[in-house]
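Would you mind keeping the following structure in view while I ask a few things?
We just call them A, B, C and D in the order they show up, numbering each chain from 1.
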């Protein structure tokens, strides 16, 4: 077993366990903090995959912005006392069954696929992912349209969210 | 070296955990947290396919970036909905929002 | 990959030092808790209710605007890296991108959401 | 390769040689040496941090026409070390109802978020730390962890003051992150890279001369990120006692305090790196890396001094003023500057370097002047509106 594999196993285990904590802990702030741990684990996985730009963006966007937004929203919507009642609904076992079935189905589908245990090819020397990404996002033959549409999507989200949450009744 | 299968299984696991959260949690904010887990699982797959395929094709990374903005938009609108509902109905429990049941 | 190993080591050492400092302080310091000392500090007045009070909606608005700006600006970085080697088309593209961003800010401003009321 | 040209490599090779001589695995020895190197670097940073306490106290004393610490040692130099001993032997209290784990984790994360910034700081041409090609975003990412640690500290203390303080501080930090990200695009455009070293290497002329407005906006945003005066409204002694860290005592408070000082010093360093040439100073850094380290530390100290100067000269502003200043002035100006810089960069790319520099400088001046003019005219309109109401008010008397 190589060092890389050991790192992957540790990080993967931490990611999955904190993912489980997200969906099971009662306190929502704790859930948000466990989500941060999960997202950080995913960022480490990105570095293992040599996607360093996405790893840093993951931390900036998810931990720096989305997690903060979650915590703000929790603080805005809490009732006087701590959360009452169960954290899961009465049909939680159906959800669990669905999740297990989904995982089993996905695992079955994947292992019957020929490229399942593919090994990564070495990154060509002098390959600069950020430069390539910049090229892909700006060249007309690349992804200009998704790039611009993403900005329009976020504009729509901002307008919608502001309208939804804060128009006077 | 790590085979592709490890990443795919991990992503599948994370996706299933997120799915469980979406189906089982009562609190609307917790459901949104679980949706984030599912989106992240998808992103792991996208980046893994980029790495294990032809590295010079950036589609995987570009798609992952788009998923980032989609996730941001989803959180913004979703939480705004939760806050809006909370202000009108004074609850964030998804089960109690049953006006459209009949 | 290799460079991220160094960063990982930095994270570990960066955590060891504060943990060590706090640990040493914990060992050396006296431990004589009493109810008055452990109570929440509110300038000598008995705390009423819990500290986790509900918050102004305005904080959420700013976090929301920040989220949108953050995500979009981060994706301008690959554009900025590549800009020196690209023509006028890419510049215009980036400017359109920023203008869409500014439009969101203007909308929020016009709606009066940037006021702290 | 001798000691004078690359002291770090010589030391590392020497240490690796010893370890391998003991029969240690090659890779493991390398990792261990790197670990020791990072440990030493961080220890040096902590010593600098302790001295920063002394500098801060001495400088604030001078600003306020006092003497400052002068009893322990020459010029009171031993004073901060005495403070450390006091922090170490102080009782460490945890308030009732606090969330213990989160409460204890927050100061550690706060300190760590500052220390890891030094992973990407290039100290000299041969001592780059980690030359990450996403260096600038790494700085922002580390800042995100700092933001999170503040919200954790404020929330877990179960205290109204600290929660309000944390919310204010976080609202401020995230708000000013936007103009900071925007002006970070400008050195990226000039250098064609996000790596710290590439940015320094392409500064044959300081980026300050190419974009003085960006340097100014970066400084303002950095001060706000640090939560220092005039943006220290999360502390607000008169209203919130001490902000998010009211409940912290002993070394845990020390971690927040030391983290803040080192953060200010570090951002002084980043200011120097992004706009004032980093370790470069008229080719002196080529003579020996030792000069490079001295140069960058001097630049960081100058940046830190400017931040202190602002802190002890300006008054605290209100939260509404702070947010309005950021979202209605700083952010639009920063984005306008990015657009103008991108445009000018495309137009002047083929031109002579003197024309390029003059064009960039002038475009910055024009953007700054136009935005100030707009603000002035709006302010005038507002004032006329207010003054127009005055006769009515007087009629009532």
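Quick note on the criterion: contacts are C-beta pairs under 8 Å (C-beta built on N, C-alpha and C of every residue); 3 or more make two chains touch, one makes a residue touch a chain.
What you see is a predicted model, and the numbers here were worked out from it, not measured in a lab.
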Of all chains shown, the one whose Cα mean is least distant from the combined Cα mean is C
Furthest chain, CA centroid comparison against chain B:
D
So how far apart, in whole Å, are chain C and chain D when each is placed at the average of its C-alpha atoms?
14
On a C-alpha centroid basis, what's the spacing between chain B and chain D, in Å?
33
Centre-of-Cα separation between chain B and chain A, whole angstrom
6
Would you kindly tell me how far, in whole Å, the mean C-alpha position of chain D lies from that of chain A?
29
Can you tell me which residues of chain B touch two or more of the remaining chains?
65, 68-69, 72, 75-76, 79-80, 83
Quick check: what residues of chain C touch more than one other chain, meaning two or more?
7, 52, 55, 57, 59-60, 63-68, 70-72, 74-75, 77, 80-83, 94, 101
Can you pull out the residues of chain A that are in contact with at least two other chains?
4, 48, 50, 52-53, 57, 60-61, 64-66, 68-69, 72-73, 75-76, 130, 133, 135, 137, 150, 154, 157-158, 161-162, 165
What chain-chain pairs meet the touch criterion?
A-B, A-C, A-D, B-C, C-D
Where on chain C is chain B touching in the complex?
57, 60, 64, 67-68, 71-72, 75
Could you please specify the touching residues of chain D with respect to chain A in the complex?
27, 102, 132-134, 137-138, 140-141, 143-145, 147-148, 151-152, 155, 167, 170, 174, 177, 194
Where on chain D does chain C make contact in their complex?
31, 34-35, 38-39, 42-43, 46, 87-97, 104, 107-108, 111-112, 115-116, 118-119, 129-132, 136-138, 155, 157-163, 167, 171, 174-175, 177-178, 181-182, 185, 188-189, 192-194, 241, 246-247, 250-252, 254-255, 319-320, 323-324, 327-328, 331-332, 335, 338-339, 342-343, 345-346, 349
Please output the residues of chain A touching chain D within their complex, sorted ascending.
3, 29-30, 33, 36, 52-53, 56-57, 59-60, 63-65, 67-68, 71-72, 75, 128, 130
Quick check: in the complex, which residue numbers of chain C touch chain A?
1, 4, 7-8, 52, 54-55, 57, 59-61, 63-68, 70-72, 74-75, 77-83, 86, 89-90, 93-94, 96-97, 100-101, 103-104, 107-108, 111, 113
